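Following are the structures in question.
Okay, so chain A shows up in both of these, paired with chain B first and chain C after.
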Partner chain A sequence: MTIARTALRRTLAVAATAALAVGALAACATDSGSSAGTGTDLDAALEAGGKLTYWSWTPSAEAQVAAFEKAYPKVDVELVNAGTNTEEYTKLQNAIKAGSGAPDVVQIEYYAMPQFALSDALVDLGEYGLDSLEDDYAASTWGSVNIDGKLVGLPQDSGPMAMFYNKAVFDQFGIAVPTTWDEYIAAAKQLHAADPTKYITSDTGDAGFATSMIWQAGGRPFGIDGTDISVNLADEGTQKWTGVWNQLVEGDLLATTPGWSDEWFKGLADGSIATLPIGAWMPGVLESSVADASGDWRVAPMPTYDGTPVTSENGGGGQSVTKQSKNPALAAAFLRWLNNDPASIEVFLESGGFPSTTADLEDPDFKAFESEYFGGQKINEVLTQASKDVAPGWSYLPYQVFANSIFGDTVGQSYINKADLNEGLADWQSQLVEYGNKQGFSVSE
Partner chain B sequence: MTSTATRALTTPTPRRRGIHPDAVRTSTSRRRRSSREPRKSIAFTLLMSILVSYSLVPILWLVINATKTQSGLFTSFGLWFDDEFVLLQNIWETLTYRDGIFVRWLGNTLLYVVLGAGGATLLATLAGYGLAKFRFAGRRAVFAVVLGAIAVPGTALAVPTFLMFSQLGLTNTPWAIIIPSLISPFGLYLIWVYAVDSVPTEVLEAARMDGAGEFRTFFTISIRLLAPGIVTVLLFTVVATWNNYFLPLIMLSDPTWYPLTVGLNQWNAQATGAAAQPIYNLVITGSLLTIIPIVVAFLGLQRFWQSGLSAGSVKQ
Partner chain C sequence: MTATSLPTQSRDAVVPAPAPRPRGIRVRSRSEWKGLAFVVPFLVVFLLVFIAPVAYSVYLSLFREQLIGGNAFVGFDNYVELFGDAQFWEGFVRVTLFLVVQVPVMLALALIAALAIDSARLHASGFFRIVIFLPYAVPAVVAVLMWGFIYGDDFGLASNINDLLGAEVVTPFVPDWILASIGNIVTWEFVGYNMLIFYSALRTIPTDLYEAAELDGAGPMRVVRAIKLPALRGAIVIATIFSIIGSFQLFNEPNILRTLAPNVITTYFTPNMYAYNLSFAGQQYNASATVAIVMGVITAVIAYVVQLRGARKEER
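Up next is the complex of A and B:
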């Protein structure tokens, strides 16, 4: 099942990125000469009204659209769930390639944004004056939607990484909560030795996780400068991460439960997966989907390499306006409301999302919130601090969706064979270089 | 499935009573053989048991787990029941989740199957019969094209088909699923091969001699003789359309036109990433509901698989 799914994802990604390449090259020639707009244009567009299509799979989208239509009765927004992440990207890519069928506003995760930005599929929101909103967003998320000098989206949620841990398990075996990666390894060994059914965490090779971990360790394997790309998955930071993670992989200290499977949720509920280094959006998921473990979980800052608190973004994304939109001003106005209006953000927060807006991140009430699920812990104090500690300077590849789809075939092999991750990363790198060159980029190692 | 189909087509079981001495001979020789007690092979029995459990255990798992709650799935053993038995509740929730989108998907799937698979069978029958029984210029060329078409996997054609349909403005409509489903090169080939042997040219000549037109001959005589072949093709196309995943995945972005396969996968994907909302219990119950019609169709149609319908109609 997993293998079949991976194979399918890969096929999809190949199809999508094949379409992308043609699009990228063709797009260079056709620069849409749309006139620059401003904030007042957007207000006028809202006043005039019209129809919009919005693709999103977020659970809060429905309520947000309803609230928007109530506030602006002249605007009719059709919400379509065109699939979750890669599925939606395939459809979007196909629609871009076909020249029609794309929505006006679309949800895109940060890691996939460069792919659509560089194929010139997204409207530069700077044209509508939305670049003036910079101060409203956490720096880490603002950086993710600014690609090649263009504002290609507005951030919605964010996922600064933190370490979620099952306190009940740590207490049961008298293990101290790790603050450095060395302590983390020691805890992994101690826990698995005390109870062989329990593991410090589960990881079967997940590209999103690995890239975030490399980001935290200081690695910057991907560089983009126009169509010039560099891939170096053996830089110092990356090796720092593999130095730690190899000990877990080679030492057989990781649960081999694929993330997001029913077994994985089961492991989170029964304590066999003791920690989760993951994005700050996780509490909502735990609360709604692992309700049985209420009271067991806590959150702590990510373990560090040298004591300096530093973290990275894991998951999260925003919304963009596509160039196919027939009414980009209205689309941009909807987007501004969606990711900047307090009424919309309130709906988003209620659904358990973690914000990217500084006003909410710094809101004393937000920080002081005591989560019942987390045994009364003020989790947002930890998570908002993490948001400030995100290391700058990271970028994803302009074909990251494809890259992630072949992660399992390359780095995943190291996981399966319990072997050196660096070998898998080298394999990943060579395939990424080859693929990028074929797509018309000039890739250096 | 394939093995049953092939067996039904290749080993004619003479069901018609005493028409031809051949049939009688076959049945007596068979009786003689069975009286000799065929040797039992432990190895084959073992292999069969493994294959049977390989096919049945997943279905058993599906049935058992469709009776559990979302949290029960995580806390109980996979191949046995949980304390709570909520099958009916799960079915109700599946049918009503998000304003009953599952029922809509079921209706879509039925639409695609009736028009797509039904149309594919009709076209394959007409074309296969025509190619088998009429001589005309370019027959060999058609043969080559059909064989070539069988060799190209549908997945490889999905993206080009998408782009073509997009030009025609048909993506995101039911036609994007129905029209490609109408083409079944394999079905055509099967009918062709089947018609060569099962519709004796002599019978057609006799019909023509008696003054029947080609269409009348086809609809009154040939179609009956071809029935086992048609049912086989119908089953194949029904199963293929029912299970069609990749094409609708690419063609459709609006969930209101999804078939069950893509819809269920969307539910499954809901458990991933930020703001995950796992509804595995509904995915499992939905999958169970999805396979029921296809199982019923299979059991219902397989009794039509009879070969040798025309045995003895002409002296050869």
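Up next is the complex of A and C:
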């Protein structure tokens, strides 16, 4: 044991020197890069043309690539669906480790961006002058792609949380739509008592949902300062959330249908899952996958703890240029078009996406849109307001993809045992601390 | 030896007279080179796809690469850490339990099926042979998904039975039952395969033994005990070794069921799942390689012990 520990300490010492060396190298790279790239360079790259590979699983990707190739015939973009979220991240991580095989442009969700930024796998788009686009994006999404002073991606969609609810079910049982979490718990009890096959929502333990809920409650469990990390999943905000959610978990008031399963969609259609606190990208999913319930669903602001409107981001992501790209200027030019050009964003909005661009969020036509699926409700009024109410100051761990992968092992155990979430969170915390320290971070609790 | 070897001999005669013995060696070495030409293609592939990955895994297991700080040689630290890793041992104990319970059940069922088909008292034995073997032909992923839908307590057959009984009686996805549920799938998949091993061994028994037994007045049960089971010993050893290896490598079934039964199946449910998640979710390739090496050694040792015991029984 002592041998192991001294060896570990020695490794850490080596690690520290190596980190300095990497830092120095990175600095050199930045210097040479900044002199190379500007906005006009990107236009020149588009003129010159070339070939790019783009990994994405977004529904709008194919139409966007087609529109881009039409506008810039000299550029040939090969679109690859390398799998959805973690599947793609595994492939990307392997390509980064192998030193080849990564695409030029890649879709990465906000929660995963710190991890790839840390692996030094993403180009700082500031080198190509894209940092001047800051004002075009909602503050919360711009913050998510700026990591350690580097612009590692451009935001595509955003997912400010709102509460989607099945109005037909609420009307049937005469339950008022909750505006606070206390009312939400009361509604959960009332609904399940009136009809035991119905639940207020479904949750089997999902890391993305839990972190967003903690974010909304004011918890800031992850602190990052370079390689110094703090993990505190027992802070005041987190406990505020568990105080509410424990009542549902321990009271057996949650449907245990795994999210995104066929059964889950069925539950959303037949009213057995009555609400969904989820990101603003959900309407497109409901329309395409829960078509039977057209007219039943509405959207309301997230319930609050004390009446002050506040919400958080749930899901959403952007695109980045990888350092393996052989033509980073062209890749950056494509990315600028993809997530900033009105022609591209129009395609994106048509596919049911929720934008991160302020021009679209504030567009009166966008806000006035009456959704037929939502019984004529002006859903974007609620959702754009939510994007303004996102609480600032959240950060994800630089190894959030791994963290989420072990959520079921730890917090998930509280769900199956219908026990106190704080115990599961404490277990998650200790494993995150252990992993972080093993990976060379200095993690404090 | 006459016409073709003569010129060689005469050439040898020109140079200082060689002693008979070295010439013997030279002839043998020439034939060895010829043999090597036949073996080289195999050796190249063997080195490339077997020895090289194992060597690389051993190499990996002696290093530790971190997100911060890069790669460093750590000697046997990864092994020391693994031996104290509660998650690894939890998975190991789980597959051992699986092995101890599931393998005897599966082999007993396969044995009974093989004896029944071989008994010549079964109508349409060819049909039963095919039907029992058929699950083995179903891809594991498809089989597990199919069973997953039967097991589903919200939507599957299990939920229908529970509705009928009015209580939660059949719950294949709760922590207490999940291992039994997986055992059931694996048994379903592999009974036919083992049955075929046993059946083909039974077919090699000379029929005159049966005739002799009949003349001696032995009944069918006596034939099974005195002739068939002793003849099956080798096949049983082989089937047991395959099953041990299969149990320690348990991966597909729990990994696919995980999406249907989240939380119940952890990321370290079996050692193979642990190795997989260490490398692909946690980027701990070195720890993953260590798990692979340790499990490989343990499996080899246990399989070897079983083989030794089987061989000793055969001598007796």
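A few points about this structure:
Everything that follows uses one rule, which is that the second predicted complex is superposed on the first by the 409 of 445 C-alpha atoms of A that agree within 3 Å, B and C clash if a C-alpha of one lies under 4 Å from a C-alpha of the other, contacts with A are read in each partner's own complex, and residues count from 1 in each chain.
The working rule: contacts are C-beta pairs under 8 Å (C-beta built on N, C-alpha and C of every residue); 3 or more make two chains touch, one makes a residue touch a chain.
Computed from a predicted model, the values in this text were never measured in an experiment.
By the touch criterion stated above, A:Gln413 is placed in contact with chain C alone, chain B being left untouched. In the overlay built on the shared chain, the residue A:Leu118 is in contact with chain C alone; chain B does not reach it. Shared-chain residue A:Gly316: touches chain B; no touch with chain C. By the touch criterion stated above, A:Tyr305 is placed in contact with neither chain B nor chain C.
Of the two partner chains placed around the shared chain by superposition, chain B is the only one that A:Trp281 touches, whereas chain C remains out of contact. When both complexes are overlaid on chain A, the residue A:Phe369 reaches neither chain B nor chain C. In the superposition on chain A, contact is made by A:Trp55 with chain B only, not with chain C.
After overlaying the two complexes on the shared chain, residue contacts for A:Phe173 are found with neither chain B nor chain C.
Judged by the touch definition given at the top, the superposed model places A:Ala269 against chain B, while chain C stays out of reach. Residues common to the contacts of chain A with chain B and with chain C across the two structures: 8, 11-12, 15, 18-19, 90, 94, 97, 266. Taken together, the chain A residues at the contact with chain C in this complex read 1, 3-4, 7-8, 11-12, 14-16, 18-19, 22, 86, 90, 93-94, 97, 118-119, 204-205, 227, 256-258, 261, 263, 266, 398-399, 401-402, 405-406, 408-409, 412-413, 415-416, 435, 438-441.
Those residues of chain B lying in contact with chain A across their complex are 70-71, 73-75, 155, 158-159, 162-163, 166-167, 169, 171-172, 246, 249-250, 253-255, 265-266, 269-278, 280. On the chain A side of its complex with chain B, the touching residues are 8, 11-12, 15, 18-19, 55, 57-60, 80-85, 87, 90-91, 94-95, 97-101, 109, 157, 159, 260, 262, 265-266, 269-270, 279, 281, 284-285, 288-289, 291-292, 315-317, 351-354.
Within the complex formed with chain A, the chain C residues making contact are 64, 66-70, 72, 74-75, 77, 80-81, 84, 152, 154-155, 174-175, 259-260, 262-264, 266-268, 277, 280-285.
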